[in-house]
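Note that the chains are named A, B and C in the order they appear, and that numbering of residues resets to 1 at the start of each chain.
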Amino acid sequence: MTDQDARVVEALLFLASEPLDERALADAAGIGEADVEEAIEVLLERHAPGASGVVLERVASGWALRAADEAALACARLLDRLAQRPLSKAALETLAVVAYAGPVSRPEIARIRGVAADNPVQSLLERGLIEEAGRSDRPGQPLLYRTTTRFERVFALEEGRHSLPPIDELGEDLPGPDEVRSRLVAMAAEQAVSIEEPGPAAESA
Amino acid sequence: MTDQDARVVEALLFLASEPLDERALADAAGIGEADVEEAIEVLLERHAPGASGVVLERVASGWALRAADEAALACARLLDRLAQRPLSKAALETLAVVAYAGPVSRPEIARIRGVAADNPVQSLLERGLIEEAGRSDRPGQPLLYRTTTRFERVFALEEGRHSLPPIDELGEDLPGPDEVRSRLVAMAAEQAVSIEEPGPAAESA
Amino acid sequence: MAPSSALALELDLEPFAGPFDLLLALVLRDALDLGEVPVADVCLAYLADLEAAGEMDLESASEFLVLVAALLELKIRLLLAPDEVDDMPDAQEAAEELAARLAEYARVQAAARWLEERLAATGPRLFRDGPPALRPPRPVLDDAGTGDPQALAGALADVMARSREEAEPIHVLRRRLPLLRLLDHVRRVVSERGSCSFDEAVRGLDRGEQAAAFWAVLDLVRGGEVAVTQSEPFGPIRMRAAHAAHDHATGAAA
């Protein structure tokens, strides 16, 4: 690998707005993948945090440059992103469903979350965190959604969805269906009277 | 000017999709213009031809980073490859809207398609299939987009828009591009209230 | 500049993201506290919140009612045969289905929390979305005729067909009208002018907004802020600020 090879790979990474893997870099640069790997080593040093305002990082789908953390505030000012709201709880839950269960349709998301998912899906589409992925063969053929490369980049998932913690581990300290069920029954029993009461519903409506 | 200032300016130039002048850089970085000038000096050295695959260049409207000449062939191959990947469904729909209804703005595309079009528009820009075409005189003056000569070449449209095939909508042929266009414009107008931020109507009344 | 639709889309009912969230919070509460939580009151408060936020849409309200109904069914069966609930297949099924869905949802919430923490830990990660400001010198590419114009026509036909589908009931559901703003608007017009016709108040609004404004007027009448008169069917509707009627109206509603 020559110095020029490293510079060419650097130029390619700069030009692309999405991650590039070794294969794509090698094809475009006209060099071997081993050379690309060496070039990446050089560039990782040149684009390390503290050495450059632009850092090189690995995500699931390849290598990508991004603004260094120390420049985040300035960049946000430039892009006028300060006003961007954090993801709502509903959007985070919807994103979690798509990340773990995707490709998944809107009705499926709604079934899992117990509430219509139109707004969060729209907001995630708008932020480029999810995208359409064909249609389901279920009745009505609803559109399917999956997470994007952008999702991997925003959440720093080096191995894509394999970087997500297994859902069983996440739920270790959560009650299983049996416990939820017995608590539900207990709740229904204890609440028998207060639900039965002709509450303020009729009058306030 | 600190080393960090130089890195922040570098990050800003990397992130920007248009050249930035000293004023814009200073505002975003939160430093003085004199500091920006010093940072530019440092970066001119770091991003000189032969030192980096990404060179810093002064253009009429400010400063911008650009892939080095030595990487031109590799860059062309990369862009070529990116352009030849199949278009996503969202990108194809967006391209169809721009081809038949252009020049159109992003909000209009979003209204016609029913979902935000930011990512597909970016991807089409990157492939060189659409380009900016001035600003709309609608509120907010959004940028307008039209298809490029490259688009016409890729899709072998000898007479440009007039070579576009008719739309088979529910078995009913919409013969000319002009009719398709007016139908699309009507769709954009019809959807306006549901997608646009509600309120201005009430406030201006 | 925020995308124009972002504000409308971000509306989220805090602190609960939906009925499952609410139910789960109740279920996960320490059993000792359960007796102190009036489920019915919380349910009503939830619906009231939805309404107040202008977010009362049929879909979420009906999903919620289904859940409350499942809870009620459980309770009714408990009342009928308190000791035999496990022998009653229906009650058992209902409880199991609800419990399974809630347990699944609890894991989704855990995953959402993980994502949120991840985002906070990694900070804003900014990259360029599109092409850079300057492009490299570029040879002319030999890509003539690699695209299929029919694919364009097909894609556009899809878009148009989808828009047609959505122009049916879904369109109505998805349309977000600025109810609260219209409420404020009507309130302001009436208080500024003291009295005016409905037509004057809604001049410049489109049909949907006019309908929403009418809802706003009804709400103001209900709240005792505005009094309306209409001398004949389809005649002009006169509105006036109703300070005098205020006490009377709220008294009747209470």
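One rule holds in what follows: a residue touches a chain if its C-beta (ideal position, glycine included) is under 8 Å from a C-beta of that chain, and two chains touch if they have at least 3 such contacts.
Bear in mind the structure is a predicted one, so any value in this text is a computation, not a measurement.
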Most centrally placed chain - per-chain CA mean versus overall CA mean: A
Chain at maximum distance from subunit C, centres defined as averaged CA atoms: B
Distance between the centres, which are taken as Cα means, of subunit C and subunit A, whole angstrom: 24
Centre-of-Cα separation between subunit C and subunit B, whole angstrom: 33
Residues within subunit C bordering two or more other chains: 1, 3, 5-6, 126-132, 135-136, 174
Where subunit A touches two or more other chains at once, by residue number: 11, 14-15, 17, 65, 67, 71, 75, 79, 122, 126, 128
Of subunit A, residues touching subunit B in the complex: 4, 6-12, 14-17, 20, 24, 27-30, 46, 52-54, 65, 67-68, 70-71, 73-75, 77-79, 122, 125-126, 128, 131-132, 134, 148, 150
Subunit B contact footprint on subunit C (complex, rising order): 1, 3-8, 126-139, 141, 143-153, 155-164, 166-167, 171, 174-178, 181-182, 184-185, 202-206, 208-209
Interfacial residue positions of subunit A with respect to subunit C in the complex: 11, 14-15, 17, 64-67, 69, 71-72, 75-76, 79-81, 83-93, 95-97, 99-100, 110-116, 118-119, 122-123, 126, 128, 153-156, 164-165, 167, 170-171, 174-178, 180-181, 183-192, 194-197, 199-201, 204
Footprint of subunit A on subunit C - complex, ascending: 1-3, 5-6, 9-12, 14, 17-21, 23, 26-28, 31, 34-35, 37-41, 44, 48, 57, 59-60, 63-64, 67, 71-72, 74-75, 78-79, 82, 85, 95-96, 98-116, 118-119, 122-132, 135-136, 174
